[in-house]
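Below, chain A partners chain B and then partners chain C, in two separate complexes.
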Partner chain A sequence: MKPVWQIVGERPWLGWLLFLGTVAAVFAVGVLSASLIERKREGRLAFQQSVEIGDLESDSSVWGRNYPREFETWQKTLDGSFESKHMGSRAIDVLALDPRWVVLWAGYAFSRDYNQARGHMHAVEDVRKTLRTGVPQPGTCWSCKSSDVPRVMNEMGVANFYKAKWEELGPKIKNPIGCLDCHDPKTQDLRISRPALVEAFQERGEDIGKARHQEMRSLVCAQCHVEYYFKGEGKYLTFPWKKGFAAEDMEAYYDEVGHTDFVHALSKAPMLKPQHPDWELFQTGIHAQRGLACADCHMPYEVEGGMKFSSHHVVSPLANIGQTCAVCHRESEDTLRQNVYERQDKLREMLSRAQDALVAAHIEAKAAWDAGATEAEMTPALTAIRHAQWRADFVAASGGAAFHAPVESARLVTSSLDKAAEARLLLARILAAHHVTQPVPLPDLSTKEKAQTFIGFDFAAERAKKEEWTKTVLESWGK
Partner chain B sequence: MKPVWQIVGERPWLGWLLFLGTVAAVFAVGVLSASLIERKREGRLAFQQSVEIGDLESDSSVWGRNYPREFETWQKTLDGSFESKHMGSRAIDVLALDPRWVVLWAGYAFSRDYNQARGHMHAVEDVRKTLRTGVPQPGTCWSCKSSDVPRVMNEMGVANFYKAKWEELGPKIKNPIGCLDCHDPKTQDLRISRPALVEAFQERGEDIGKARHQEMRSLVCAQCHVEYYFKGEGKYLTFPWKKGFAAEDMEAYYDEVGHTDFVHALSKAPMLKPQHPDWELFQTGIHAQRGLACADCHMPYEVEGGMKFSSHHVVSPLANIGQTCAVCHRESEDTLRQNVYERQDKLREMLSRAQDALVAAHIEAKAAWDAGATEAEMTPALTAIRHAQWRADFVAASGGAAFHAPVESARLVTSSLDKAAEARLLLARILAAHHVTQPVPLPDLSTKEKAQTFIGFDFAAERAKKEEWTKTVLESWGK
Partner chain C sequence: MAGAKRDVLLFRFFHFFVPPGWRLPVAVAAGVFFGIGLAVFHVSGGTSYLSANSEACINCHLMSPQFARWSHASHRDRATCIECHLPQQNAAATWMEKANSGLRHMLVYTLRREPFVIRARQASSDNIQANCVRCHKARIDTTHLVTVDGDAVRHGDGRYCWQCHQAVGHGKLNSLASAPVSLLPADYPRVAPWLTELLVRENQAGKVDR
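Then we have the complex of A and B:
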């Protein structure tokens, strides 16, 4: 057999044939690829055009006809199997898990009933069920629960929405948190649908319209997963960010405007109740510092039928370590999970110390009042209690605090403990001045029932009232 | 011009020539490479064989003839320019930087004089200079200061070394920490030269001889950079690791064996003084959990003249971010430095709260004694002070705690604050029982001088005594 170069050398036309043949084949592959990409794009466009989505379409299933993958993963937020497996029940009763909270929130609705939040699709169902509603509440409480909110706000005006009665708006609100809350129906761009976040940026002299796409992938979450309060008579939803995003900045803001969420039933301290400063605390941690957005870990990319999309099953990243942590970290799933658990365990221990000190402080303050202490004597101790509980609860209420920002969380809990200790020391001196020199006995807080009995809340009676309300009021709202 | 294949096709011998020529050229490159590699190896071997190093050779410059790169970088530990630039002085006076430590260590040598450790080459010089020596001290204090220690221990026996007087051993100890402390003179393998670490492993039922190479790259440091105490009359150097490596484990060990480092001059509390539990605390942090050893960041690899070697200029990794952090992390040097500083700042804030509480607790305890409190009344408060200070000081004394293990450090500081607060509350009740209901006034601790005056330590007089000692005793030791 002759070598190749000799065969080609003898027939120059064969060299040209090989060359031109290769050019033709590469061209054909290019055309084919472009056609496949185009077809994929057309497939997506075809979906996008199959249904016209209205400007205020609150029914996510309508959007779902164009975006089946996003819709189907969103529907998985009904599924609590991850939470159930890892946290022990579908709806975790925070008060049963740690009855000290009953005492810490005595005099406020959170001491009645407080379950860990479930998936987005449960939002309306859960807010209807809780014992925190049914008692008089403003319309503001609906703000974060439903994709019907933009429509109802549009109908009645934002300020009127907030100051309406919660029960009055009930029949209009049926759809849980869904597509319209974060997306533009025409372009599917991320979009802020709630005025409070836009107004909070304005108040800080910033324009949220200039946010980058990656920032928007957190800011749509920050419409709800933030600290807020109901301002003034109109119960106007307001984020206390004027002085900054740190717990101390918001504390200073509340002190300055003189806001108090509730007066504590035992200590009479003017208390603040943090909501869920998830976004704010996340910003102080290493993952945000490295440029990650909420969606990077809570809505990871998936691939299905050749299409890449962001999962709308918003859940703990630990439910999908392979799609979340493992994108950057090379350790085993088990190692990464243990790293998270270790931070949680250590922070829980720290928080527990602050909680113990705070429970004692409230009870000792009550003893001081009972012993005849005056308001002038009590004020410094009550202010210390206010600040101490704000800081510990800020961390406890912030979802994922121990992972999002373990060092900042630890710093806040330590400052809480310090202020709670200061309060107890002041109270010990007040008590001594009123001839109480023995330690004030602490109650048995081993169960939620015992804790609620201690603060004088009749859970069974309130549950019965709520059932009556469910039958009379709630059923009149329709499905 | 004809195409190449045609020229070759017409002269088949040319094809063979090209083919064989290529084979020959590749062979020649291979031979040359092997020769270069071999020469490099020979160069290293030549160094290794140029001087025979004795079994107990404590003079690092002898080793340096065979290992010039390691020796020259080790000599850089004399250079304090990084520390000077980043921490403000060549020898940081911890007591001047934070005079609260003077009160916290009242009754113990650390309240006299305490400078931040400098590089390894300063070890002998600095231990001679400090006001903590010259007062009677056991030989044990030399254990970690010099590569002469293995030789002197070999001459006189380990137990005799420890129980000798510090001054008696002084003339025999001249070389600072050097090669012999961590290396086998024959093989250069990492080797444990000090008995205390080997014995601590034995006490735990473990064999340090089975440690992997990567573990040894931390364990040679753990000969000294650990918590230890001087056990019993013989002042036998002992690591308190029998129950574990956590601060609480060592605390439980000390409680069980009834060890006390000093009785506090103000509070009379039976105190523990942590030394420098660097290795123990590092193990609890993410970098150790990811498999890093001390040497990975403190002795990074360098390349010089084509030779790769581990720098023996042991220093903060921040002095060489490019060779340390940047090996794994892709962020800018400035970002990485700020990440470290942020952890340090936050931990410093937490620690400061614990220090304040502890200073007050000691002073309030003194006031309680002065008011006539009994030992039975005081014991629970003094135990709380003992445990509180142990935990805060454990973190403060551990080099790099805020970076090595920020969450574990925070956990310990929070538990310290909790126990200090408990002590203060107990003391407030004791004081009230003895008719002291007003807050105990706290002194001005704004400078080291004021703090030392407050605890009754005459720095100037002690400095003069030390100078006298330097002239009489130290000069008799020779250079």
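Then we have the complex of A and C:
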């Protein structure tokens, strides 16, 4: 056959056909390529932001202009109307509800004032109001309370932020917890904004950068809903996870580094105070083991018309059983609610026994000191008290413990009872050695007032002092 | 010229079509053409379609609501997109349908004719129904639901599984807007970049009593 170009030479129209055909083919391929690139870009820009959100934008209402549904549900955390049998969103004075805690924390700020934590938007307000900030505190106290913290940390440096005085940083901290604490302003990806969690992982030789997205839905909460302490003179916020996440592991770590949160005013025991080990306890429960994250129950999906988004009204899942429990569990709302209350009731019953034992232990220890016991005699008993209260408080401090990890919580309470019994046995012998053979009388702790009077704390006077402070110092911080 | 048989054929092919003196420009032009073709293949994620990964389905951002809902539903760790949506009785059926529906999707998407609410076509529904039965056969055998297929549904002899079990796959909300801020599983930085830098600076400066 003749070569094509010879054929075309004889029949030029063929050549034109070939040329135009090729043009059409290349054009189609090029246009297809352009369309592909355009649609990919569209995927990235599918959401047009109406306002530009700065990298450290702490005012959540600015974010709210781009994400009104998330912002408006977030604002619902101001609402204090939800009540469950034991908790809810309302302001609950825990010391009034159970005055035994006043004695158990005697000598520490928690015996002055302790309210059940409520909605995230109340964070700054509640830190300012509590009598726990009526004693000098470091800047570290602000770490978990405000979306202003990333900016201020960035300006001052992390160590300097912690070292500063709480009152000094006060004027800089205005906004409550908000969008910046968990999200990237440009992409809304979840991201960690607080150093302590990153450093805790590093200390354990783990890289938080490898976390799966589902794990991130718990880890952004774990920036704050974890046990912590202020390490050293610099009051550096540290999570005691080096030896592990179990209560015993943290206790071993604290014992090793020789950390004590406070010396008990009555028993002189070197005490540890756990704070909300929510994430650590949750990990041990069946729901975490089945792959759930905090957000699955506390920020369930909400449907508004045809749109589905994560509700940012972080609240008890009992406020919305249909969207939380019922997504997986096919029982009636009433049944599910009763299931939760049953676990809470039973854990409280166990915990109450531990609390009684601990109150008695502290008071008996005081009696022993009064009877002339020496430090050498008392040390083993005081150590037992330290460990016993650590375990009971570990469970009590995590509001959701009864539901998140009922078995682990029960285990810790029995361990606490065990150690409290050990302490009291030792104290009974010490008392006997010092000729005290009758049971040590326990005070009347039926109200918060009586309990605080017993430990020598004048609540009314302190509240008045705080009112003064509110009118003077807080006013000077401006709006 | 001497060479392998294939080389000679290619050479003769080239000579057949291209006059002398034109060979260099044509070679270059052909290169451009094939280059664009390869670019199109690459940009479209062409190789991903040869795999069984669900991520291939979200090369088109339209599918991200479905992907997002699936990844939070019960079948997230149990069934990938194609395990439900493509016939699985043999490889030929799978690949034929993959090519068929894939090319149709590509056409609709390129021409921007996607509907706001994407619904399965009849053939597609039949495929999905068959896959429900395929995995859950043992459990539904006793109630004879194994015999429910597309034809049965259309004759009123049963319903598609998902008409009751609506939340199982990717739920009932089918509009493009149903998951407006659904994340594509990109490798996003878990820690805020300014925080990473800040910690590096603090380490360098020598922290106080860490």
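Methods note: the second predicted complex is superposed on the first by the 424 of 479 C-alpha atoms of A that agree within 3 Å, B and C clash if a C-alpha of one lies under 4 Å from a C-alpha of the other, contacts with A are read in each partner's own complex, and residues count from 1 in each chain.
Quick note on the criterion: contacts are C-beta pairs under 8 Å (C-beta built on N, C-alpha and C of every residue); 3 or more make two chains touch, one makes a residue touch a chain.
All of these numbers come straight from a predicted model, not from anything done at the bench.
Enquirer: On the superposed three-chain arrangement, identify whether chain B or chain C touches more chain A residues.
Expert: Comparing chain B with chain C, the partner touching more chain A residues is C.
Enquirer: In the superposed arrangement, does A:85 touch chain B (first), chain C (second), both or neither?
Expert: A:85 contacts neither chain B nor chain C.
Enquirer: Check the residue A:5 against both partner chains and state whether it touches chain B (first), chain C (second), both, or neither.
Expert: Both: A:5 reaches chain B and chain C.
Enquirer: Just to be sure I read the superposition right, which of the two partners does A:346 touch: chain B = first, chain C = second, or both, or neither?
Expert: first
Enquirer: Between chain B and chain C, whom does A:159 touch in the aligned arrangement: first, second, both, or neither?
Expert: Touch partner of A:159: chain C, not chain B.
Enquirer: So, A:432: does it touch chain B (first), chain C (second), both, or neither?
Expert: first
Enquirer: For A:286 in the superposed arrangement: first (chain B), second (chain C), both or neither?
Expert: Touch partner of A:286: chain B, not chain C.
Enquirer: Should A:421 be classified as contacting the first partner (chain B), the second (chain C), both, or neither?
Expert: So A:421 only meets chain B here.
Enquirer: Show me the chain A residues, by the header's touch rule, that chain B contacts in one structure and chain C contacts in the other.
Expert: 3, 5
Enquirer: Write out the stretch or stretches of chain A touching chain C in their complex.
Expert: By the definition above, chain A touches chain C via 1, 3-5, 22, 25-26, 29-30, 32-33, 35-37, 39-40, 42-44, 46-47, 55-56, 67, 150, 153-154, 157-159, 163, 184, 187-195, 198-199, 208-211, 213, 216, 219, 231-234, 236, 238, 301, 303, 306-309, 327.
Enquirer: Chain A touches which residues of chain B in the complex?
Expert: Chain B reaches chain A through residues 3, 5-6, 8-10, 12, 15, 286, 289-290, 331, 335, 339, 342-343, 346-347, 349-350, 353, 357, 406-408, 410-411, 413-415, 417-418, 421, 424-425, 428-429, 432-433, 437-439.
Enquirer: Which stretch or stretches of chain C touch chain A in the complex?
Expert: 15-19, 22, 32-33, 36-37, 39-40, 43-44, 59-61, 64-65, 69, 72, 109-110, 167, 173, 175, 177-181, 183-186, 188-192, 194-196, 198-199, 201-202, 205, 207-210
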